[in-house]
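Both complexes shown next keep subunit A, but they swap its partner, so subunit B is in the first and subunit C is in the second.
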Partner chain A sequence: MLEDNPFFVLGLPADTSRIEIEREAQKLLGMLELGFADTKTYQTPLGARPRTPELVRAAVAALRDPYRRLIAELWARHAPAPTTAERATDPAEPSHPGLRRSLGWGP
Partner chain B sequence: MYALPVILLTRLHQYAIDARRKNRTWHYFAWSGVAALIATVMFLLATTLVALLFYAKLWWLAIAMIGLLLLPIVGPTLVRHVLVPLGAYRLAYYLGWACRPGKDPTAYGLVAAAWAQAVKPIGAGEAWVALRRDKRIPLGDAEVIATALLAASRGDAATARLLMRSAHMLVEIHPMVRELAGEWLACDAAERGAWSEIAEDAEAARWPATPLTYFLEGVAARRLGSASAPSRRELWARWLLAPHRRHTNELRDAATPTSSETPAAHEAQTNSVDAPPPDRAPLPRAIAAHLAFSTSAPSLISLGTTVRAWDAALSDGATHGWLGRRALELDAPLGAVDRALREIATVVTDQLARIADGAQLGAPMSHGPIGDGLARRLRHGRLDNLEAGFTRWRDRQHDGEHHAAIDEWREFIALQTAYTAAITAGGAELRRLAFPHAYSTGTHMAAWLWNTRSEYALSHAISKWLLDEALAVGDTEAIELGHRNCDLYVPTRNDK
Partner chain C sequence: MDTPLYVGIDLGTTNSAAAVFDGERVSVIRNAQGATVTPSVVRIDKQGRITVGTRARRFLEQDSANTAAEFKRLMGTGKAIEFPANSSAKKPEELSAEVLKALRQDITDQLGVQIERAVISVPALFELPQSAATSEAARLAGFSRVELLQEPIASALAAGWRADDDGGGTWLVFDLGGGTFDASLLETRDGLLRVVGHDGDNFLGGRDFDWTITEHLASQLSVVPRRNNPEHAAALRALRLAAEDAKIELSRGDRAQVTLAQPLSIDGQDVDVDLELTRATVERLCTPLVDRALDVCLRLLSGNGLGPGRLAKLVLVGGPTVMPMVRQRVAARLESTIAEGHDPMTLVAQGAALYAATASLDGRAASVAVPAGRQVWLQYPAVSADLTPHVVGKFVGDDPPAKIKLVRNDGAWSSTEATVGPDGTFLTTVTLLPRRASTFEIEARAKGGELVAVTPSQLTIVQGLTIGDPPLSRTLGVALANGHVQVYLERGAPLPARRTFTHHTIETVAKGSSDSVLRIPIVQGELSQAELCRLVGTLDIGGDVVKDTVPTGSAVEVTIELDRGGRLSARALIPAIGQVFEHVAHLLVPDASPEVLDAAIRDLRRQLMDLRSDAFRHQLGHVIEKLDRIEARLSEAERDIDAAHGGDADAAQRARRALLDVDATMAEADLSRKWPELDQNARHVAISASSTVGEHGTDAERALLQEVLSAMEKARREKDAAELERQMRLASRLSRAAFHRTSEAWEYYFEDAASEISKMKDLPKAQQLVTEGKAARAAGNTPELRRVVNALWQLLPEDSEARKKGFDSGVR
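What follows is the complex of A and B.
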């Protein structure tokens, strides 16, 4: 859907042609093999995710199929811009940690 | 004749304490003052008598008088301020018993021992308290609260909370034990910052208030800006009356109403976070709402916004037009548009159902591919889980697999919690569908617990819950049976 959307995995806009997709995939696979740090993650609207050669191959395969590309485009084209923010964490924290203990009620 | 003033003073002291428990107004302070005055007089008389007996070398009588006259006055204070902080569970048990608070003094002793164990947990202590608890048959509020404290001693605050609250359903009432449960719940809620929980308990007067509970209730009411909140001066009075003042003075000073903590402000904040910008087209709007719902704390408002946005997007002509055009351009197979819409609806419904189920959210009112699918999914999933839980409970009894009374209670509480969560999320329709399962198994179990295991309070609590549910769904047969079961006399240890 969004986390493993082929367009986000390849770092390409949703209107990219098939030739450009193949070229970008080959480039990414080569760079991943050489261990380029910049290629090890990709950006999604949910934050950065790790990129692997398997994910890149699966993304190219998905975009070769017209129906699967249609679905991928629907999400990628209408989603908010990818963000570098990490996954949101629960901000809820105890208001007074350790209060129960200090009021005589143990752990 | 000499015993008469002692008996009179003891009765008066008990009367003042009982009167205080029933009040949450200025009477609370008045009865606290009366109780303290009587306790001081009794203490002075008792110490004088004990000193005289020692002086007359009647030490054996002096020791008997200490146990008879002094311990009931100073016992609870010694338990709270000396034995519990030391983790002396055995001494707390025996001293709690020696305080003789009511007709069943062992109840307070048991809870005092569990309290000491909770403060300084050790394995041997837990086994010792559990052994004494299991010897007490039938199950009552003290056993449930002691078990809750044992769970707290293991760091399982969620179970402790659930069990403490469940004691409210039992007809066996030990006021001193209930006071402690109320205090634990108030301290726990204050630690989590759940001030509305404390305020709700105070409003419903669920638990008799200890001075510490009474103070925390005042703090909660002031923080929430409640109409019944005490004045600053009254809060100071409550603080002075409560123990652990060194640790509570910060709470007292911070207990001024703040706009960010009022429910209305919170709701407004939630709305502002969840609402996607209104100027977007339906599909980007739905995806933005979906992202916001998936990445922030789920709420009914954000779920409703997301579901409505998706229903609007998937029914929108622009979405269909865009899909049709792209399908043609990409040379997608025939029927790709309908298939894509179905696939998106399934994926979105799956994701939303998973999050809503985890957060126990109900299905929002929205008719469309997502709203209808989500309602169906949540209703069926929750109903299946409930049915399976009730069937397991019944099968276990049918197979002759008997558990200890406290474990039977825990199983019932777990099912009741699941049931309540499901009907809260699923609404009246789910309640009507779920009730027959709960009714058939619950009635069966209640009868078995009463007739075979003599667990009267436990059985009565199940019958009472079933009656409340029967009244809510309007099942006349169940109401009739529920009234018959609940009208039965329930023997408790307080009847002795």
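What follows is the complex of A and C.
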């Protein structure tokens, strides 16, 4: 929600128009394909993250959907300013049922 | 020839068509008979000569044993179709390849160009094996590359492309094909087409119209032929062809005579056919079928907050929509005007050709040009809704030119000079002419200002309606040993897409042992329980292929990838042994013998009865409604199974899919039956998430949770179990994210895991971990505590019952 926020992935502010979003994505995809060095990462409040064509495409698709755009805007507006620090460790994806129970979900 | 040629093919159940787009105009290809549609019919004679299209269709009646039609429905089943005259058998994809070859030849004949790449349309709800079979058919037909596109998107693109106004608004594509019905709700804004929603009926098409009329005609004969009697098949086939012709005739006139030159042979008797059919009769017979399609449309509209009369445009696609009765009824019930000027028979092919341009898939064989001057790699959209798109480039080799300029070849516009970076890269924008192709010359200059020749020397961009990347129609994931699904790609994810997750093995795979297999099941579906999803492929890693023994708890990095046409590939990397496995066993659509279908329908009926009595007992009105719809579907399936007993393989496949569909709906109804339990869980999740996020969440998390809670409330009001589950997942994720930020989170998990130590698989290791965990907790070392907790979770056994529900998955 923060690290793959579509606005961060595209490097655009939350009030960007739809056509600008399409234009920026098309540019980024082209630059990534040709290996432009300065497009390979993007900034998030959690630090720099690698940018891939899949992420860019997913970001545009999310922003075309009004509901998903609203959520992305919400996050982008309320998020702290992006930092350039690198990620310290990988966040784990716990999948143990105990976790679900602790959150009041599941038997 | 410098003009690009984008090719689109509609490989239909009944008819196929091809179209080309040259950047300016879309043209439909005519076959040798001058027709724009080619029947998807193939005949193989005694000498092995293959006939395709209209000429083959003529033999459907007189040489039906050696003439195949409607094989598209059998795609991906692996079922061979016999041609006794030549003692040969062909798979459905081989027959489709013959149709594709014929269309490819028609393009060459008409345009003098050999085609190697194309976009082929497939039904929106095609299963993965069917898509794979379509790609295989294209390969057999000599195409070097194809992309698959969903039919409703193709027709929408074609209909939208021709629209002169871009006033936006929502519109509906009503696509009633030979075998399936698709309704798509679309929106155009700023030249971009977006699929807002989609619904359909995989078991409704022109074929049903024909059978309804055929059965009506059959009932008037002196001896009535039956679909469940294999000996009546030839008579019914002849009658059906006559019914189809009469239906077409009645699109123009009020009466048609159904007369067969030869009497039908039924139960040893010669039965003459000379019947009259009126338009009113056909309309009466077909109205319930049209209404079924309209119910789907109204459901789609209401699901998106729209009612009849709110559509900006209504586009009809497919042969049956030519019938005046269909057009009138659709327009009346949807209270909208039908957009005129679209050919319902070739719109899909036209859209596929336009899409080929969007995907930069030039159909011509790549020419091996000798580069003249400096070579430059260019990235730009072949079709752009934007009037001022970017052009990105990079010169190959050292010492690139210093400046670059793009000059539109109408002479009315040129770009400012862009500077080429020391690494040869540059970025500029161009201005397009609206609604047409613009070609730009590339002018490069060296430091001294002299012109430098470049290859390619020009580029062309078409301005017009574009569609984003095609969306994934069903959520895709990996079934886990605990019976749950790890979602890799959500429904609606833009294709192509790729995602990697790390799992852990739950059993040892011993090197050399063919008995031990690590199974990674790939499933599709919208529910979180694996058993309610469809298994679409498996990645099996056997002991006989591993370089070394893979111990329990080893990490497995699984990557799932789907290309633009929805073709699946998967890859598993086991870092411990440094080996990659890529062979996915793609599942064939299973064979459907009438006996298996009989058993399946009996079982479903039994389940239905249980569910119904339960629903009545608890007075669950919404479940009862759902079960009524299931009942109707089962009755239809029964008719198809009857026909399957009569040797109709196509009807057997139809019944199989209907039963699978019923099974899934039944599972959902079952979920609704468990509604009180789910509802209570939802309340717990809401309370827990509110408290955790309220206490530890950020502003954004709190704001988002409000959205999720509203969506949960809406799902609860509408008793939408699947949506409620989805929103519960989101709330739990938010809650988890906030909870993880607290210092006590990992201490809590540690205590929880340590309390289950007696169940763990490797007790000494577990005890060691608990000791390490206690030390980490005492030292306040959270990262270390987290490592210990993750390691402890790996040692917990999986419940065998749950594993079975997870398709015997070997990963967690």
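In this section, the second predicted complex is superposed on the first by the 87 of 107 C-alpha atoms of A that agree within 3 Å, B and C clash if a C-alpha of one lies under 4 Å from a C-alpha of the other, contacts with A are read in each partner's own complex, and residues count from 1 in each chain.
Here is the rule we go by: contacts are C-beta pairs under 8 Å (C-beta built on N, C-alpha and C of every residue); 3 or more make two chains touch, one makes a residue touch a chain.
Because the structure is a prediction, the values reported are computed rather than measured.
**Student:** Decide which partner touches more residues of subunit A, taking subunit B and subunit C as the two options.
**Tutor:** C
**Student:** Between subunit B (first) and subunit C (second), which, if any, makes contact with A:F36: first, second, both or neither?
**Tutor:** second
**Student:** According to the stated criteria, A:L46 is in contact with first (subunit B), second (subunit C), both, or neither; which is it?
**Tutor:** Once the two structures are laid over each other on A, A:L46 reaches subunit B alone.
**Student:** Check whether A:R23 is in contact with subunit B, with subunit C, with both or with neither, and answer first, second, both or neither.
**Tutor:** The answer is second: A:R23 touches subunit C but not subunit B.
**Student:** Which holds for A:W75: it touches subunit B only (first), subunit C only (second), both, or neither?
**Tutor:** Both partners, subunit B and subunit C.
**Student:** Does subunit B (first) or subunit C (second) touch A:R57, or do both, or does neither?
**Tutor:** second
**Student:** So which positions on subunit A get touched by both subunit B and subunit C?
**Tutor:** 1-2, 70-71, 74-75, 78-79, 91-92, 94-100, 102-106
**Student:** Using the touch rule from the top, collect the residues of subunit C that touch subunit A in their complex.
**Tutor:** Listed in rising order, the residues are 189-190, 192, 194, 377, 379-381, 384-386, 388-394, 423, 425, 427, 468-469, 471, 480, 482, 486, 492-494, 496-499, 501, 681, 684-685, 687-689, 692, 698-701, 703-704, 707, 728, 732, 735-737, 739-740, 748-749, 752-753, 756, 783, 786, 789-790, 793, 796, 812.
**Student:** Spell out the residues on subunit A that touch subunit C in their complex, using ranges where they run on.
**Tutor:** Interface residues on the subunit A side: 1-2, 18-19, 22-23, 26-27, 29-31, 33-37, 54, 57-58, 60-61, 64-65, 70-71, 74-75, 77-79, 89, 91-100, 102-106.
**Student:** Spell out the residues on subunit A that touch subunit B in their complex, using ranges where they run on.
**Tutor:** 1-2, 45-46, 66-67, 69-71, 73-75, 78-80, 87-88, 90-92, 94-100, 102-107
**Student:** Which stretch or stretches of subunit B touch subunit A in the complex?
**Tutor:** So the residues of subunit B touching subunit A come out as 80, 84-85, 115, 118-121, 149, 152-153, 155, 183-184, 187-188, 190-193, 212, 243-244, 247-248, 251, 281, 283-284, 287-288, 291, 294-297, 323, 326-327, 330-333, 336, 339-340, 343-344, 347, 351.
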